[in-house]
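Presented sequentially are two complexes of subunit A, the first with subunit B as partner and the second with subunit C.
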Partner chain A sequence: MSAVVDFPVKTEARPYIDTARGNIGEPDWLAQHRRRALARFAEQGFPSRRGEAWRYLDLRALEAKPLPPTSSLGPASRANLDTIGFPGSAHRLVLVDGRFSPELSALSELPAGVWFGSTRAAIEARPDLVEAAVEALSQQRDQPFASLNAASFSDGFVLDIAPGVALDEPIEILHLASGEVSASFHTRNLARVGADSRVRLIETFTGTGRYWRNNVLALRLADRAALDRVVMVEEAEDALHLAIFDAVLGRAARLTSFALLLGGETVRHEAVVHSEGEGAFCGLYGAFLASHHQQTNIVTTVDHAAERGETREVFKGVAAGRAHGAFQGRITVRPGAQKVDAHMLSRNLLIGRRAAIDTKPELEIFADDVKCSHGAAVGDLDEAALFYLLARGIPREQARRILIEAFIREAVEIVEDAALRERLLARLARRLAVLEE
Partner chain B sequence: MAASIDTLDTVRALSQEGYKYGFVTDIEADEAPPGLSEETIRFISVKKEEPEWLLEWRLAAFRAWQKMTPPNWAKLNLTPIDYQAASYYSAPKRNTGPRSLEEVDPELLRTYEKLGIPLREREALAGVAVDAVFDSISVATTFKEQLAELGIIFCSFGEAVREHPDLVRKYLGTVVPQNDNFFAALNSAVFSDGSFAYVPPGVRCPMELSTYFRINAAKTGQFERTLLIADKGAYVSYLEGCTAPQRDENQLHAAVVELIAHDDAQIKYSTVQNWYPGDAEGKGGIYNFVTKRGACRGDRAKISWTQVETGSAITWKYPSCVLEGDHSVGEFYSVAITNNRQQADTGTKMIHIGKGTRSTIVSKGISAGRGQNTYRGLVRVQPRAVGARNHTQCDSLLIGERCGAHTVPYIEIRNPTARVEHEATTSKISDDQLFYCRQRGLSAEDAVSLIVNGFCKEVLKELPMEFAVEAQKLLAVSLEGSVG
Partner chain C sequence: MMTEAMLDIENLHARLDDGREILKGIDLAVEAGEVHAIMGPNGSGKSTLAAVLAGREGYEVTAGTVTYQGRDLLAMPADERAREGLFLAFQYPVEIPGVNNMYFLRTALNAQRRHRGEPELDAGQFLRTVRTKLKELDISEDLLQRAVNVGFSGGEKKRNEIFQMAMLEPRLAILDETDSGLDIDALRVVANGVNRQRAPDRAIVMITHYQRLLNYVEPDRVHVLQGGRIVESGDKTLAAQLEQRGYGAFGDAA
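This part shows the complex of A and B:
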């Protein structure tokens, strides 16, 4: 059936309206959520580059060739699963083309008080969690794709940890694309960590073919909860990857996030953090390596609403070939949020004659007793360092690779788990080998 | 915590201090009726006895403006301006044009005296040529003859249109096109007068050129237009200073300044801006929407902007440099103070186009009371700008817990050989610093003054002597004793 719409629809939004029909058998409350979200998206359409939030992302290719969601499914292939994922992962949830794959997933038993499963399963089992996931970002004006996601999501993962549970084994999520269908995959996810609880999340995004992945993750950290997330984005050459997480931090909660962005034609990694509890810590780290025609955006918004919050942001970027890399970060300190200590650093290497780097580290401060700073740098490789290596007989090409690797490596060092870190570095090395300068 | 209490006291004291320059000169004005239409523009053009081409130029700007909407991206909170309620032309009644100071209306001279700009004294002592702009028409130009001997043209814009139409026509709108932005288009359509200077090749202008702006007649917008050209190897330093009488109604000011520097030329443009900022509740005060841009057209040209912004209710101003010539240099030094309910959204744009171009940005923002201070800057390196360099430093100082300091830098790099660095910090005057100073016998007031002056030193040292003194006085007036 064709959806009957009674709200204004922007032209570029039209292909997504008919396909965003509700799934048969879903409860009414969810159908209503979806409908409201669809109306928001239809009215807003694609974000304009004239607006600040999407200034550095070119979405014309997607506008010209829309990728509406589809109900057909690609086959689940077990091949390469262990090279893609983390070997021997005890808690692995696999999503293929935006849908939970029970065959590929390995869900060992978890301690009492932990609920972990697909979003679709949670609709029946834990509607409260799904509702929390769907409501994330619904009030944000400049997030039309989050609205589209809320209207169209097919599946995702939901993790709920009761207070006082420390999970030692990391939770792993693999987001795969089979290459069988050319479509958009909208996934909606939630990780809720109870007071004094602790968890690590490892997520990998990869696939083949031309597709658009639109991933929204809600993170809810209660008082003194800790969540450590490591993301690896290695999407297919022709793929679009737009991912956003929306985090709310309770008192003395600790959120650390690291993202290594290597693959995908268009990649946007966005973090929205509401530091609402006193003394919360937010660490946002990451690196991108963009080459050929890739465009990679990192966007962060940290809103300090409480006193004594702390934020650390370090992002490193490399743009080679004809690639376009951009960092847009904003730290806001609200009135009364005294004693906030925030620092943001954006360092970039521009090594292609036709490559481009944009960076916009922004501070918005409404309280006086704060320590806030930011730094940004864009430049080529350090001539002195290069000379040093050349003088030792290392060929120029190799010397450059060494320096680029060292540049990004510094960012990866933030990952504490040694095995995981080595894995990320191996992926980085593989990517460097095909770097177009 | 005594310090913060002192701070509050100081701010309070400051806000209660009346505006020293708040008075109204009672002079009959020859005014256009309120409203803006093609008719208004024709009226202005006729009043100013302008050539046909300039009228056409104004009308093209007006037509562009009609299709534009006011920019809303700045971090400014203002009530929408009714452009039809303002009057777009006002001239002092005696429009025969005084030839010397003796002919100038004594009422005007007294006004300037109240402002501390005794023309005669300056003429004699300071060696500064003052092109005094009262409302919209120039009333006195001094030192013109001395300048003329060197071939330097320095006159009102209107006079330049009459006497040097070719120069004006050649350069007008080449840096800031008529349709550049909403306020520039408005200015282009209705600009009343302003200053024009041309320094011929190889000439070093021996004195600082200077203009004082005033806004006087009620409901009269002020639309100045400044055009400054430094030909090959020339040097000129230009001073601009402003104060305005106290008004309860918001007054709009939308100026345009265009600078052009040819090969090896240098232009130094300094501004001390002290317009009426409105009262403690933010009532009244000048709305200042200015488009200032300089083009380094030639190789090794240099344009340097220095500004000390203490006035205006709203400041929207981004003095920029377009570095077209190879190895050209752009500089921007700024101190912006916002107090009470003042809002400033200011910064610069450095557009690197030529090879080996360099730019430096130093911005110091001081927020007190409920002031909101935003630095907004763009550094763009175009693909051809091999070896471009930029260093940006923007620091914010917060005084009191209800003010805001914001930094919005845009860095857009299209050439791999570029080296661009940006640093920004935000802090307050620490209790430790104050305690240290007071322990050594300084009053709270002096301590703050000392710290603020130190904070701004990098910028103040760029000002010409004549202005440095005035600027320091202004800082002191704006914040003295304020930050116990």
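This part shows the complex of A and C:
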């Protein structure tokens, strides 16, 4: 079937136009959303590297070999689920190749006031939530992939928590790729946390094969709501991982996010935070370890629109081999958003002469009574520390790895849950073992 | 029977990477079981000698030889020297954030054990050894749960060096100004720790500016280092003479 397209289409967008319209039987409101989103993407095409937001990401390989979405599905294997996920997870939703897998998921009973399920199930059951998810980032000019995502998403997860509910058990999402299909997986997700409620999210992205994961998550925190998200990205060697979350914070809401980025040929981890309620807290933390030909970008935008907001950002990066890492952080304080307290830190380690890291923290401040600062550094391994380890008999290569691990470990310490922290560190150690120096 | 010297330094010349010559012909022989003190004023080359022996980068040996247990020490990289039983107690122990003290020490000990063909210690065996030695040096166990030297006081850092020496049981220990910055109580603890490690198959070289450590750890030999050379050697009474007359009385570089 050839689709009738009545809007302009950029060349690189073409492979994604026909495939985006395979969602027969969806309600009209959603079909309209998809159509508008597709038109936005088609007109804009891939993001331009001339613009600031995407300047460090090289997408030529994807342009040369497109990865359109597919309707065929890879088989789901239960075998290694517990080594991928968090053992004994009570609430686990598994997406394979961008689609909900009921047989791999374990959704135990949740307290009253909590709705948790796949985005596809929510289209029928909770269209209001899906609409909120689809509208996220739709007004942003420089997010064509979010538009493509809205047009093409196959599934995702939706979590809605009524006011006054504290979830003690974390909610776990596994985003897998089976390796059976070489395609793009567009997933659209939402976590909405009601007033005075709190929840922890643990998400793992991993898989095999060549694929492009395009993940969009909307986070909506009502007054005094708290959400703590920990993300592990360990995609396949040839995979692209472009993920963005768009958060809106109510009064005295608390959002903390930690991301450990280890795998994937191209990884972009982006956070957009609208700090709209007075006294909201936003903590963005993370670390990346890039080796071989990997490119890893961390992009954060925090917009303080209300008084007494607080932001803390700490990101650490390591690039080895011929890898390229980048951190771009921007904190904006709008006029009248007094007493904002914001600090951003980007520390990076270069291993070897062929690796590169760019770091670009920025503050844009339009209020006069604020406390804002940023710091950035790119350096080599500490020679004095290295000699200290050597002088105790630790072989040079092992000593170097201990120091690289220690550098990232400092960032991982932010994760409060000890078992989860150990798990992240174990993944890090595994990755370090194959680091190209 | 010929005894082979633990350490035999002949005509050692070394300079910094920037070309300044610091060591200008050191001769020194240390036998197993002996404790030597090398004393000298600031800038005499004491710490350079320690650094060159331990294999720190940034120095170039321009002449001379160093034989350690019959092998060419200078041909070995720093980590191999350590695995062969050479230990340097740092004048300024390095802080290493993110590396747990216990983990660091166990990694070092097991690297050395592997090198000697001995089985690695498991966590339990390691902990038992640690506890015994900690007590001897009056170090609290929670210090070891922290990152290497991070947040340690000056005295704690020095005690930690001697604790590491006790754990690693080296053949040759070089203590670089281990007494500096210690109050009298800490000095006594450190000195006791060193004394406890005197052994027939171990040599200890203490590098120091002051004589006071030698009141607690009695050396077999004392050497005066001045202008990059050893200008005087003697028994322990030499240290007392130095204390009275100052370094100015020795050597032509004064």
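A few points about this structure:
The rule we apply is simple: the second predicted complex is superposed on the first by the 436 of 437 C-alpha atoms of A that agree within 3 Å, B and C clash if a C-alpha of one lies under 4 Å from a C-alpha of the other, contacts with A are read in each partner's own complex, and residues count from 1 in each chain.
Keep this in mind: a contact is a pair of C-beta atoms (placed from the backbone, for glycine too) under 8 Å apart; a residue touches a chain by one contact, two chains touch by 3 or more.
Bear in mind the structure is a predicted one, so any value in this text is a computation, not a measurement.
Partners subunit B and subunit C fit side by side in the overlay (superposition on subunit A). By the touch criterion defined above, A:Ile351 lies against subunit B but remains apart from subunit C after alignment on the C-alpha atoms of chain A.
Of the two partner chains, subunit B is the only one that A:Ala367 touches; subunit C does not reach it. Of the two partner chains placed by superposition, only subunit C is touched by A:Glu383; subunit B is not. When both complexes are overlaid on chain A, the residue A:Ile394 reaches subunit C alone and has no touch with subunit B. With chain A used for the fit, subunit A forms the apex of an angle whose arms reach the C-alpha centres of subunit B and subunit C; rounded to a multiple of 10, it measures 80°. In the overlay built on the shared chain, the residue A:Gly375 is in contact with subunit B alone; subunit C does not reach it.
Of the two partner chains placed by the overlay, only subunit C lies in contact with A:Ile402; subunit B stays clear of it.
Greater residue coverage of subunit A by touch, when subunit B is weighed against subunit C, goes to B. Here subunit B and subunit C sit at a least CA-CA distance of 14 Å once the structures share a frame through chain A. According to the touch criterion, subunit A has no shared surface contacted by subunit B in one complex and subunit C in the other. Here subunit B touches subunit A in the complex through residues 73, 75, 383, 396, 398-428, going by the rule given at the top. Per the touch definition, subunit A reaches subunit C in the complex via residues 382-385, 387-396, 398-399, 402-403, 405-410.
If you check the complex, the residues on subunit A that touch subunit B are 52, 335-336, 338, 348, 350-380. Here subunit C touches subunit A in the complex through residues 54-57, 77-79, 82-83, 87-88, 90, 93-99, 104-105, 107-108, 111-112, 115, 147-148, 164, 168, going by the rule given at the top.
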